[in-house]
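By written order: A, B and C. Residues from 1 in each chain.
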Amino acid sequence: MSATSRQRLGWLVPLIPYLWLLAFFLVPFAIVLRMAFSHADTALPPYAPHFAGFAAIGEFLAALDLDNLRLLADDALYWQSYLYSLRIAGLTTLLALAIGYPLAYAMASAPKSWRGALLVLVILPFWTSFLIRVYAWIGILRPDGLLDAALMGLGLTREPLRLMNTEAAVLIGMVYSYLPFMVLPLFAELEKLDRSLLEAAADLGARPWTAFLTVTLPLSIPGVLAGCALVFIPAVGEFVIPDLLGGPDTIMIGKALWTEFFSNRDWPLASAVAVVLLVLLVLPLVLLQRARLARGGAA
Amino acid sequence: MKRLGPGLILALVAGFAFLYLPILALIAYSFNASRLVTVWGGFSTHWYGALMRNEPLLDAAWLSLRLACVSATLATVLGTLAALALARHGRFRGRTLFSGMVLAPLVMPEVITGLSLLLLFVAAEIERGFWTVTIAHATFSLGFACIVIQARLVGFDRSLEEAAQDLGATPLMTFWTVTLPLIWPAVAAAWMLALTLSLDDLVIASFTTGPGATTLPMRLYSAVRLGVSPEINAACTLMIGAVAVAVIAASLLLKRERMAGADK
Amino acid sequence: MGQGTFAKRKASPGSVRRAFQPWNDPQARPLVEFRNVTKRFGPVTAVDGLSLSLYPREFFALLGPSGCGKTTLMRMLAGFERPDSGAILLDGVDITAVPPHLRPVNMMFQSYALFPHLSVADNIGYGLRREGLARPEIARRVAEMLALVKLEGLGARRPDQLSGGQRQRVALARSLAKRPKLLLLDEPMAALDRKLREATQFELMDLQSTLGTAFMVVTHDQDEAMTMADRMAVMDHGRLVQIGPPDVIYEAPVSRYVAEFVGDINVLEGRVSAVEGDLVRVESAVAGPLELDEDAPGFALGDTLLVGLRPEKIALSHDEPAQGLNKVRGEIWDIGYLGDVTMIQVMVGGEGGTLLKVALANRTRRIERPFAWDDAVWLSWDVEAGLALAP
């Protein structure tokens, strides 16, 4: 590399963000880890003395307390909320894919002059507040809300659907909020697809549907994977949507963490929940990376 | 150019209806004279007047705006440095850890980021308030800003920087006179993104804030939990309007710049 | 873009250039010296223990295939790469560790690297501003440079509003604005089309002799190097294979590699059968006995030898030439009409023998050619035409 040109103050460039991230990302994260393995009574603030011993690894290991993890494992509530989070995130991802793929495909097939405007239209809701988007659905889904009024007004249903505070409401809110994250990578992948490939497929005797299944779909797999990751990952840890649209039985893990922290003020337990949640998230990411590497190796 | 089939048109219409109908309904009902969501009581700007008299909400909005500006600026500066480090410095010690730390906030659930930063502030006995939220927002937007700027740097012709140095510019001078002017659109986009992320965040702010620093999302959240109110609709409509104006202005500006570049 | 030249060509540039031979003058002080310079990139040695001297006012061309290390050599001179060992001297001063912005050397980039956010005038004035010159002085120098490259009136434009040829001129003006002692040009013609390339080559030569700046051109195009350079070097695998004026490189290449890289050549294998003074007699399996004139034959009887023959130095006839030893029978295998010349491939030594290329200049507008496919012909050449190449 051009070492000569960057001798003087060049080392400051990585150093400044490096120090910032060490201080405000890595250290806090280490504290969470430490906290996850400590007792509730000693971990309540102020707990600075315990923090002081943090540097001594031996002491740290000796003081490890797996009670919190044991509690998490024993308490069915946490198991259920983890599984429930995965389920909701998975369903959200599938639904977003089912709605997002045709939309992205239609956008990519639209005349070039439209595409920019369509793209802006997809991104625009993302720029408005997350809370606003969820709030809009409250007005629609709540009892005597717009949806019920419309359906009953049209004579399609006789009585209110009572969607508010159900799993369906949570799913609608989640799909709605995360749809752009699915559409954008799909659109990017489908748009760069060479149209002449489809023409070649047609020239070789493939019907449009066969051409889609044998050419377009396989080539858009990277976009599908990226979109699914972008939806699934934040969906697992989502807190606001299940809290506002879900009922008392829709305890997702983000909500459990929030409750543990703010309502029960059990910081070590909240930390333990966070650690397990992170493990839960890292796993699919690693699998995705594996899949990508395998594809890269094959190509 | 191939014409769109009816199936694809349906996909477009249905997709965009799903995206926009809820927002349009929300806007419509901010002008409803009636307090009831399902009853149209006639057009009224009553709720906007009420909103203007809602001091706590206005205070929170003002605080959020200041906070977002400061944290977005911090995140953009740090993100630019991080992007330069990743795109230009090649291999340096701890690069893997560095890029991991830059990118981790992108996949980190907000609850965890918020919790961990709160624990840090408590451990370090830092008084929580405006600055702790600012630091938290800058930290989690940094990664997003870095990605945006790095993408621009990767597509950047290195020989431009070499030409500047060849003509006698020091590395710092090269950055100011060549690199920065050319990555400027990405830097601006990164700042806008960081600003939006900050204005949008509820979870991290809830963890890291202290007394006297209640952000707009926090106020909205507690109001929304209590139920639907046209006053909130009015607040949301104003925010949507501001965003729409900003996005349209930005795209027009970009278009004009492109046109100016093309026909001169 | 006009075909206009920068200045009227001198009456006899050839003779002027011939007299300019500082590399043969022991008193001449080199402008640039590479002293045993080595540069590695991981396992690849890009430049391998290379030494080279360039002289003031010299137009030097570095020629080689891609990956031979020529670009690395140039980038080390500009300061973008640092040698692993060895030293680089400019005007007798060791500049090995001097960063690029402090070197009195400028470079014209292959991509031109014009700053897209600055006007043409600001691009040209960029280096002058870095020197801290006063505004009026910068404006004067920029105007001077614009005039030099015939771009008066285009100072306010942006690079993306210029044609390819104009952009190249801006890049040239920008790199010359600081009046460097040495100008480096990285594939300066690569982005131009053929017609423009030829005109620009001569303009560049005139500019160089007007300014008196030393030029070092890196190129993979032998025509370009031969047209412009006072002296050229052929590089291969990080080493200099041969340095010399273009005519010497072409007519007296030191190896088969150089002979084949610069121009077209036929190669016949043979065995030395007699050495008489400057005259070497070679027995070739496919072409029989041959004679060639070598200045200092270092060959012993029985040595294997490669005889190189440039296609344009071979004469073709239907009848056997009256005299001379260098004549071979063959059959015409292929005829390629190129307009100015006709390339004829002749099979020598019967089927499975050696194909020799012969270039015939088309001196008349006759459409009917004297030679046709499958004709039995005689090839002949002078004793001075053949080159003895080490195998």
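In this section, a residue touches a chain if its C-beta (ideal position, glycine included) is under 8 Å from a C-beta of that chain, and two chains touch if they have at least 3 such contacts.
Composition by chain, UniProt nomenclature: A = ABC-type spermidine/putrescine transport system permease subunit I; B = ABC-type spermidine/putrescine transport system permease subunit II; C = Spermidine/putrescine import ATP-binding protein PotA.
On a predicted model such as this, the values are computed, not experimentally measured, just so you know.
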item: Per-chain CA centroid nearest to the all-protein CA mean; value: B
item: Most distant chain from chain C by Cα centroid; value: A
item: For chain A paired with chain B, centre-to-centre distance based on mean C-alpha positions, whole Å; value: 17
item: Separation of mean Cα positions, chain C and chain A [Å, integer]; value: 60
item: Rounded Å distance, chain B centre to chain C centre (Cα mean); value: 56
item: Contacts with 2+ other chains: residues of chain A; value: 2, 5
item: Multi-partner residues of chain C (each touching 2 or more other chains); value: 79-80, 99-101
item: Of all residues in chain B, the ones touching two or more other chains; value: 162, 165, 170-171
item: Touch list for chain A against partner chain B, complex; value: 1-2, 5-6, 8-10, 13-14, 16-18, 20-22, 24-29, 31-32, 35, 45-48, 51, 99-100, 102-103, 105-107, 109-112, 118, 120-122, 124-125, 127-140, 142, 144-146, 148-149, 176, 179, 183, 233-234, 236-240, 244, 254, 257-258, 261-262, 267, 270-271, 274, 277-278, 281, 285
item: Complex contact set, residues of chain B against chain A; value: 1-2, 4, 7-9, 11-12, 14-16, 18-20, 22-23, 25-26, 29, 36-38, 78-79, 81-82, 84-85, 88-92, 94, 98, 101-102, 104-105, 107-112, 115-117, 119-120, 122-123, 125, 135-136, 139, 142, 146, 162, 165, 170-172, 196, 199-200, 202-203, 206-207, 217, 220-221, 224-225, 228, 232-233, 236, 239-240, 243-244, 246-247, 251
item: Touch list for chain B against partner chain C, complex; value: 157, 159-160, 162-171, 173-174, 177-178, 181-182, 261, 264
item: For the chain C and chain B complex, residues of the former touching the latter; value: 78-80, 99-103, 105-107, 109-111, 113, 115-117, 126-127, 130-131, 157-158, 160-161, 174-175, 178
